[in-house]
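Each of the next two complexes has subunit A plus one more chain, namely subunit B in the first and subunit C in the second.
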Partner chain A sequence: MTLLRRSGAPGTSADPGRKVPGEEGIWVFVLGDMTVFALFFATFMYSRGKNHAVFARDHAELHVSLGTVNTVLLLSSSLLVVLAVQRVLGGRHAGAWQLIAGALCCGAGFVVVKAVEWTQLFAARKGVGSGEFFSYYFMFTGIHLMHVLIGLAVLSRLIVVIRRAEFTDKQARLCETGGIFWHMVDLLWVVLFALFYLVR
Partner chain B sequence: MTATRRVTLVWVLLLALTFGSFLVGVEQGAGFASVGAAIIVGIAMLKVRLIGLHFMDVRAAPRALRALFEGYVLVVFVVLVALDIFVKP
Partner chain C sequence: MTQGIQKTMAVSGAVFVLLLFPAIIMTGLLPPISPMRTADEIARFWSTNTGLKRLGLVILLAAAGLQAPFGALMAIRIRQMEGGRYSPLAYTQLVGTGLAVVAIIMPTFAFAAASYRPERDPQITQALNDLGWLPFVMNWPAATIQCLAIGFAILGATHAIWPRWLGYFNLWCAFIFAAGGLVVLFKDGVFAWNGLLAFWMVAVFFGLWFLIMAWQLWVSVAALEGDSVALAMSENEPARSPLQR
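Take a look at the complex of A and B:
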């Protein structure tokens, strides 16, 4: 982080014109979280290699279409958030909260689709104890779902902040930071979607 | 190109890549399973890179942060594909 801070200040001789997006601290969290998930991804791929037949069989139980819908929802919510952050950083925060509200709806849609999917799987007697594939599936997508819920709380907070009459640079930076967290949630799902739903 | 247009085009590209990887996922035959997995993981990591560079604005970040991010994308891709190829029952 010292390295980041040293080169992160805008206009320094080390990296002129470049600045750390959002608060510096968010990057410690984001990169740390991404590393933990990278270990999850690797563990999954290792177990898949060891029990390929079982993983291929259980993978067929998942609905690729539901995973695809959720991917589109998160990618679209990310676009709405980045458009809102661009407005906020450009000093045009007036219409930004509606964009964040749209992102919030997409995020809520993700939770609904996941609930439908899990309900279907539970009805088919698939759960955390239904073999290695489903243990990984419910554990990793469950941990990711927690991130989505935290992200929804963050987006709700941003709406409140943006709608306040008084809007300072500090609040603009808070929006940028919240946006980075939401993009991380999106980014982690992109890999989870590929590993659980697409790779046979 | 305006920033709004750029991120919107990135979003269109992300959706196209999602659809492309969906097709590879559906079409991958038993004999081409490893090739299919490498393509799918490759597309996923490309999407991760696009989200990082354009949505999280890592492209404009200090070089150290950009290097960490690019390194992450590359390492995760190599490790996942290597595990897919070399780990056998």
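Take a look at the complex of A and C:
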């Protein structure tokens, strides 16, 4: 995110008016979304505190390995997006779309793994109605999955934008803004992963 | 369209919220009755304080209509932002507003029916109570359609009328308002119709959204007066005498 200032002359800020990464408005969305997820996490921990035994029992039904694979996939995709945005902001946008395409594949992999995981849980007769733990689990990971799907649409759009002939500061900023959204999706998953799969 | 009419339309969104919340308190809908209550408990609820409850429902119905002028002015702003000859987002917004009016009046009639005959079989009153609460909380597309139309119009505006953060705020609200959409799956917990996330969170931001949009509409009325955008719009209109304007 500090890359912004690198594009100009060394030492001096290229654009002193710009301090926030990406477009300012996206932070309204990101901070709003994180507040809501913070509320989600708080309600989960509150319910868990009241009903510890049941949560511990249902927690054991989740496949930690699949959750780990998904975490690795999202973290890798975030790394690829960072590299792509770095290229774009450094004025070398030509090779950036392949990196974003890689991130897109990781994101699609996340969706596939999630589908496999849910299918297994449904086969084991676990659903939204199977107790408090699973209603939280399916709701929160489902809402997060919606974010992933929106994120995939955003990444696809970035690929189109980068591959277009015309590429100005406006497009570069769009890439950065899209990257911020994807990092938020990643960050939220990391917390969800810790909350549902790791906390005992 | 005079400034006075536009400002009235902008304010009607805020008035809607200022009537909506007192009305649902009068009706006894706040805090919401739990979906876990038995038919007898629900029948007892709807057969006490019936006068106040029915008056609350009358106010609720009146308030619902205020969304129409408010939504229409937002559609005009979207049209001005879209700039071109066609304005699909503005039409989408108008449909959303129409649905939003229905989203209030439909449950109001079910609640009215629930309170109408206190002497009837409690099972029937419970069914009417469900028929009121489920659409009241579950009906998310009406609000989400409007937020998405406004959000995309702002972010893709050819004429910037509203700040871009308002666009992102609307996209975020679109997501928040969808939280009620799954209440039919739950009778208890945070996603039930009386739950923290499905009801309380949505209710707070629903109210806030109307106030913020009313404020932004109010500001835009003054800003657009004599503005180039306003002139560009008036070019498309047929010539009228100054008296008609």
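Quick note on the criterion: the second predicted complex is superposed on the first by the 182 of 200 C-alpha atoms of A that agree within 3 Å, B and C clash if a C-alpha of one lies under 4 Å from a C-alpha of the other, contacts with A are read in each partner's own complex, and residues count from 1 in each chain.
Criterion: contacts are C-beta pairs under 8 Å (C-beta built on N, C-alpha and C of every residue); 3 or more make two chains touch, one makes a residue touch a chain.
Just so it is clear, the structure is predicted and the values come from calculations on it, not from any experiment.
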Contacts of A:F193 with subunit B and subunit C, given as first, second, both or neither: first
A:F167 touches, of subunit B and subunit C: first, second, both or neither? neither
Most subunit A residues touched (candidates subunit B, subunit C): B
First, second, both or neither for A:W118, with subunit B first and subunit C second: neither
Partner chain in contact with A:E23 - subunit B first, subunit C second, else both or neither: second
Which of subunit B and subunit C A:Q86 touches, first, second, both or neither: first
Residues of subunit A at both interfaces, subunit B in one complex, subunit C in the other: 27
Subunit C residues touching subunit A - in the complex, by the definition given at the top: 163-169, 171-172, 175-176, 182, 185-186, 189-191, 196-197, 201
Residue numbers on subunit B that touch subunit A, as the complex places them: 3-4, 7-8, 11, 14-15, 18, 21-22, 24-26, 28, 33, 36-37, 40-41, 43-45, 47-48, 51-52, 54-58, 60-65, 68-69, 72, 75-76, 79-80, 83-84, 86-89
Residue ranges of subunit A in contact with subunit C within the complex: 23-29, 32-33, 36, 39-40, 43, 47, 128-129, 132, 135-136, 139, 146
Contact footprint of subunit B on subunit A as seen in their complex: 3-4, 7-8, 14-15, 18-21, 27, 30-31, 34-35, 38, 41-42, 45-46, 48-53, 64, 68, 71-72, 75-76, 78-79, 81-83, 86, 179-180, 183-184, 186-187, 190-191, 193-195, 197-200
